[in-house]
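Take a look at the following structure, please.
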């Protein structure tokens, strides 16, 4: 029983990670999970939000958004609606929270890294692609901060973070759902985990139905295997030199 | 090793469910998990949102909010800030999604039930208390709709829904965290489940740390036992007659 | 000619004043005028609004709001509409202005007391109930500030403040209108006054009709008698000890 | 003891009422109370707000606003702040409510008259000037509707409406306060009344102090005399022919 | 071929410039281009926007708005819509940018001049009338600042600025279009220029059609002649003494 | 005197036009003017805005926006600020207005084409790149509508539209300014024109200085030559077959 795109149940879509997609941000990564394409840009700025000021700690946050043209039917622009929708907020918070798990914020000094995850094309799994790409953009921003001499600890990242969706479709547990599967899944779960196999965030939802604990277990098996693959691909991408110009002219 | 309120790790706080707390809504339930108090009111109105109009299906949705005076330090009013925060949106969506899992929307006809969950006092676990109380308010609203002769199917609720938080505090897995524990938990999880022991929603988050899959398993054990207790308490509360006046003067 | 709830024209509804309704605010009072129930919470915070900073004076302000489920038909949530309606603004301003009449703001130091008046159930007269309850919450917050050693003058309250509605219904001048009367009143007036019988605020409105000055006089007679009764009930409620824990462990 | 502008306590400022100030609205009146200048424009449009549709009744409403340059120090523009302030809302509601008292809305058919009261220059008493001018603009709009053949009843106005402020300044009861007096008044009252001497709206406020009922009585005496004068001035202004071009070319 | 108002193609409408229209702002000018009437008020305040703070430079900005009653059919109030429309923004930016071309901002010290251009009546060309009047209001505000001893350079204005519209209507190039012509123009151009005949801003738009470069040339000829006339009228208006009271009692 | 990127004054930057950049919109074009990259997506939807409904005419509109990561320093997200800035509005209106000049809207039937121009990377000239790319996306959307059998006239585009910036930098008139030149230009002009050499829109601005009419003439010469080149590049790009799947399976 093959899936619409020819994969079997436990396989990821084609994953591409392109560093240096833009010229200005400290980290800029285009991540592709099949047709899903998300641009993850990590921008560094001095200072931290007011509530954190004077703490000596840095801050990492994320903003997720979709281009109106990213979806099958054009979606309205949130800037024109004048407010950010609940789903957008929820995903932005998830990305930021996940990334903060892998970084020692005291090493950053009072600097902020904002990671903008803008979905260029949506075909399911945009939030998991965003987290996976955002980690790579964050790693590049850390390299940039290091070259700028702004890190108290040269290795503030304690682990890699990646994410994948998993769900029950047609009664089968499947990894990395495209829109066609996601929109009719009976259960939908997003798992954020580390290269060490520990969990960062687990969000499982019955879509109009409930699910057994044994199903949860099978979904976790698949998701953790998928995250392990994604972490390998992140590591490969990060083996290449820093794609832009580092501060002080120190080429990576 | 006893908890601050004298409970052991696997015990719920004192739970109270008071039906008929307000006079006008079809269902109005004050639910208390220790010092956490949430007013859950289910209001029935004719018609459904525009995107659903003409489908013949009903709609169930929820809105979560906090009184400014509910928290330890007063929080700003979202109506005055002019926008609903990300956390509020996220919890509203969770409550609505969870409740829709247990109801046959085609039985409602094109009627909408809005469940307002307003936190009167917050001491941790407001979202899980809200879901637990909202189910009872929903059940009363269904009774009201039935008395009004508006149900296509007299028993549109397929199961009970309740929720509880669970977390790792001081290295121990604990059930139903009050604010004092929640604010320093290493891992925090909310589990929505049914009286049949199946899962509706699982949201586990490492708070600045990652967690092992075995920890997830222990948390699920505790949470499912807690939900089973909560479902028993819901059932007891619902054994009493409908607390207000039913349409057509048919007293329950 | 008896009223729908059995009262005669010059009688108040059953009034209940419950102090210590919530645990966290310095003052928390549930006030009931018949079925109208308003939760009045007085929260103390350091500092004053920017325009008042450096004056050495404190500030007292109020925010009035209704739970969506408080009204006969559910009303939309102002946080979701993204703006506070004209009526809400008007009542918030009235409550704050009235309370500031009875307090010496220089005695507070640069501290702010915000009084949140959240209507739990609306059956007419919510603004007058709110003012009546807010005074009691304010008195408790003053006790709290005194125990915390933050008052320049130990008795900053110069008088009691209470409020009641009065109107012309079926051609008769009546006190303390419930919704059923308020919605069809020919004239509607809210009177805020002190225990000394002086006036704080008078707002009389012909509802689609004008009214004679002699009618105004009769309404004032009734209202001032009603306020005198309310002040007695406030005083009785305040004879009990402070209902929570005072700062420094000094039990009242 | 003469006032800053040479008046005695019971005298109005110089009042000017200029009809036909603008060319496009059906009624356009510049009203001046001393240096206070308000442009009152009554625009007619077909249809009524949705909640009133199908009732066969017309609607009259008002919007009050200030030019940023109208006040002693420039005030911020509400369109740029993105929301209408509480004071603006409150006054808009007062003007609309007052005008609806003098008109038979069933005579208008399902037409709406919006009366825009834009303060060109503020020197105290802008809301009372606005109501006084708005009545004249409304009268002109009624003439226009009559000429257009859209009135079911040719005389839908049952009385004249005007308004004036009165207050206690330096311990003396004074009529029609300019800003210099208004800003330091101990008591401030706005009275809307008719040419028949009946009351439409009474709003009296102690500004940081309470006031005796006898003071209220004296203020009402002065205010009713002031309104009688204003009604005479309105009537004189309305004796002149309609200042613009009536529909169907019927010159008034 | 005469125009609807009797002018020939290259003539301006009747232009009136009235200084001292309001009492409080440092400059207040009512400018009339035929039936188009715009109130331009220049208010001086200490300090500059945050992004400019510490630069030692002053700031000049403008806000354009229309009264709802200014247009042929009443337009909705932007404060009530809760946001400023694109056209409003665009014109505000144009006015501010144009005026900044003629002033040496370093001469102002860290003071801000806001020029509010509120359209009292609209009949085409409101933005060009606004710029023309705003220059005169700015000149008065400069006189005021000079009298207050706040100018580093007593003559910070390097030239006069005025603006006029020009367009192609009925195939003919015409100057200063009223609404009747503007609404059906094939090409529409606004030209801001100086008394020296140099250009400040040129904005030409084909309205549903394109236009030849030779047409652009003819439009510029007409516009520059019109601006020269407007500058003469500005100069005449400014020959009169300052219309209000200067700081320090120094009458102009 | 060579420019920073090696070009001479009258040369365009490297221009790339990539059709079919996204899979879902009817037209999706990535346009690059040097480092400036704009994604132009034309989405087709049934129906027209309400004010146009029933006219039988179609509608073309545009929305311009920037990714936060597109600029040298990260810019705040307009969706989070809750409103669209003046500059964004102005450019969106310019793009829409320009494109409507080249299309016969009656040929579209009551269908709407929205062209989203999202700036991926900004290095000056984003609005001119957007117009140039948007024309190509519009042409693809027209092909799509034709294949879907929705065009009343098979060739509704009457001409090509492209745009380029021109300015005075270091006293020299230069074509197609990158950010480094744009930010210090003395005069800045954007010219939208057709492949026939006629003008659509001319917007020239003195940046803190005025400019002579002879300068305007030189700028126009350069701009029109630049637009001619851009139109050739558009035509070449459009010679390739439609890059996606046309409705009804008719491959282009």
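Chains: A, B, C, D, E and F, in written order; residue numbering restarts at 1 for each.
By definition in this document, a residue touches a chain if its C-beta (ideal position, glycine included) is under 8 Å from a C-beta of that chain, and two chains touch if they have at least 3 such contacts.
Small disclaimer: the values here were computed from a predicted structure and weren't measured.
Chains that touch both chain C and chain E: D.
Each step here moves to a touching chain, and the least such steps from chain B to chain F number 2.
Identification of common neighbours of chain A and chain C yields B. Taken over every residue number at the interface, the positions common to chain A and chain F amount to over half, indicating a same-residue contact.
Our note on geometry: chain B versus chain E, Cα centroid distance of 59 Å, whole angstroms. The centroid of the Cα atoms in chain E and the matching centroid in chain F are 30 Å apart. Centre-to-centre, using mean CA coordinates, chain B is 51 Å away from chain D. Residue positions of chain B with contacts to 2 or more other chains are 82-84. The chains touch one another to form a ring, and the order obtained by going from chain D toward chain E and onward is D, E, F, A, B, C.
For chain B in complex with chain A, the residues that touch the partner chain are 83-87, 89-90, 92-93, 97, 100-101, 159, 189, 193-194, 196-206, 208-213, 216, 220, 224.
By the touch criterion given at the top, residues 22-25, 28, 35, 39, 41, 43, 45, 63, 65, 67-74, 77-84, 88, 114, 116, 118, 120-121 of chain B touch chain C in their complex.
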